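Handing you a structure now.
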């Protein structure tokens, strides 16, 4: 909703106040940033060689791009693994067999509660001690930790997606003579998956961001390769700034895709599409929008 | 089995696991408070009448929710500590603790903002119209009518953000907080690699014990406080 | 609808295949071959550090530093030409595992010889004796050794015990900062946020000798430990004697002096002359 019901269009006095407020705020922000800039300048952090070395062709060719490739590789493997793991667990939580349901529930709740960093550190140390046949142990630890956590989140998405479908969908399936599991498989799951697709794309942002934790176990992802570059050029601040921009651009594009997808798919399913918050576990909140101010997250119907 | 228990007794005598969890809980507590305040302000900015405020709020959320937390916390060290030379106290450990709190707050405020906005979305348009009809301008309408309902509607996503914050407090190690759980787990595993799995399970179960009450509590609260419509 | 589910599953499966086909990027590894059998093949895999200027540092597609230069010299004497060497990153925590697994044939990576490690692997050398020391700002005069750090801020790398040692043995009131890399310590030292950086003296010298840091820092020069850098070899290796012979030759023909000087140039550093150049230990 662009014209919010919360306020009228501003009159001359309101507009004047806004302009004055804007100028004051802009001055304050510029002054704050300026102070930081001057302080950094005093410490010599704007010396051109530091920045040139952080964005040179060599830096991209030998450090950022191979690092980014590893980041994307771990994220891609983790995403595929998490979707498979999540589907299995999600279906498990909807199963008729009580034991299967209970076990799936315990697994999901456990891996949603354990910090990803703890899992990464543990798997890395565990593989180094017990599974030395794995050639790239940091990679395996990063991917496994991401699969377990994000798979559990996706399992919940699947469950919520099925739960959010109108009851009639399941009843209709049973009425035409399908068994409950056939109904789940051929009627409810496909619609739930479509409804959850935007949230899964948002989850990709979580995967990408969390893959940066791999630096702590020295997986040669983007952040780690920037660290190696900064050992050579002694410019950790500058290389980190470059890496931050790369992450923001990629994740911002993914968030935008999730947002578009949510709008596009809302007509394709009986459930409501959700985008996911890019953190923690997405929840589905029904209701109509009141506030104005569009942007990623201001989704159709239910955006968290 | 005796070896196992005596090994654990030795570990507990040597390392204070509860103290490490206490560090993470404190990080979470202060960062939750700060990010709630900051996130509410951001949410207000994003639904406010002033275009530049909306823009600033959106820009903040777009930047910070797309940046890995590791990078934000490393910036706290590289920029705020190393270059700006800010030390909050004489004691480096508590300085790094508060830097980590600020870094965690700055990051999670973006998600708190989105959670509150999703809460605002649960408020029916009629409520806002009614508030306007009785002559309330933006801030009073937000304060008296919209936000109280929005917070109730936002409890579930806020709870999820709180859980994420608790787990993310382990990343404080990137801001040089060396006393929190992930560092301690690493040290303990290096000390007794033979008890590796048990040590991991100890920490993992610790987090399960902390997270599940938050999840149950917020679900209960959000149902109890849900605005009946 | 059934088709739909199957389609999604097929997509997932197909993408798995596509992913495993494309493989990964190895940071700074121009020779991407993994067709080498460990030990005595056409090429030799040597484990080094990638992030220590002056010792083992990735510079674009090549590697520089004292460790890598010694490795090249020794490999040459063992009959491997420069392009038969494949450098692999071995981080501190992983060095024994890498040797036991055959991930690498030998390791030149600031690898101190000690008894715990000798139980797992063999060592040739030492080829250098370093000592824990302090790096301070060039104009600093009040830090002269580990006892003078009371109340000072000291930076070291995560997981290294060197900073803990100072706290327990010399200055109880020292405040420790742990970071992931020495560059992060060096910028804090340059700006005055920390007072000193600690680790082995030659690593500090390498840090001080980088282009960006030239003239900013000095190594205090009062080493207070003895770190004998050896060549890590798999247990039971038969190459120890040959490597020791190569190291002895390197020291006698003057190459050792040249390499130390070249890799610490600009840092005003000379290795501890009482212990350097070392004589290799007898092989096990």
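A, B and C are the chain letters, set down in written order, and residue numbers restart from 1 in every chain.
The rule is short, and it goes like this: a residue touches a chain if its C-beta (ideal position, glycine included) is under 8 Å from a C-beta of that chain, and two chains touch if they have at least 3 such contacts.
Just so it is clear, the model here is predicted, and its values are computed rather than measured.
Across the assembly, the mean Cα position most removed from that of subunit B is the one of C.
Of all chain pairs, the one linked by the largest number of contacting C-beta pairs is A-B. Mean C-alpha positions place subunit A and subunit B at a centre distance of 16 Å. Averaging Cα coordinates per chain places subunit A and subunit C 35 Å apart. For subunit C, residues that reach two or more other chains under the stated contact definition are 180, 184, 187, 191. Looking at subunit B, one finds that residues 78, 82-83, 85, 174, 186 touch two or more other chains.
Shared interface positions of subunit A, i.e. residues touching 2 or more other chains, are given as 43, 215-216, 236-237. Residues 43-44, 49-50, 58, 61-63, 65-70, 73, 76-77, 80, 83-84, 128, 132-133, 135-137, 139, 185-187, 189-190, 193, 215-216, 218, 220, 224-225, 227-228, 230-237 of subunit A are the ones touching subunit C in the complex. Residues of subunit B touching subunit A in their complex: 46-54, 56-58, 61-63, 65-71, 74-75, 78-79, 82-85, 108, 111, 114-115, 117-125, 127-129, 131-132, 137-138, 141-142, 146, 153, 156-157, 160-161, 163-164, 167-168, 170-171, 173-174, 181-182, 185-186, 189-190, 193, 196-197, 200, 203-204, 207-208, 210-212. Against subunit B, the residues of subunit C that register as touching in their complex are 153, 159, 175-180, 184, 187-188, 191-193.
Interface of subunit A with subunit B (complex): residues 4-8, 10, 14, 18, 21-22, 25-26, 36, 39-40, 43, 45, 109-110, 112-119, 121-122, 125-126, 129, 205, 208-210, 212-213, 215-216, 223, 236-237, 240, 243-244, 247-248, 251-252, 255, 277-283, 285-293, 295-298, 302-304. For subunit C in complex with subunit A, the residues that touch the partner chain are 1-2, 4-5, 8, 12, 15-16, 19, 22-28, 50-53, 57-61, 89, 91, 93-94, 97, 100-101, 103, 180-184, 186-187, 190-191, 210-213.
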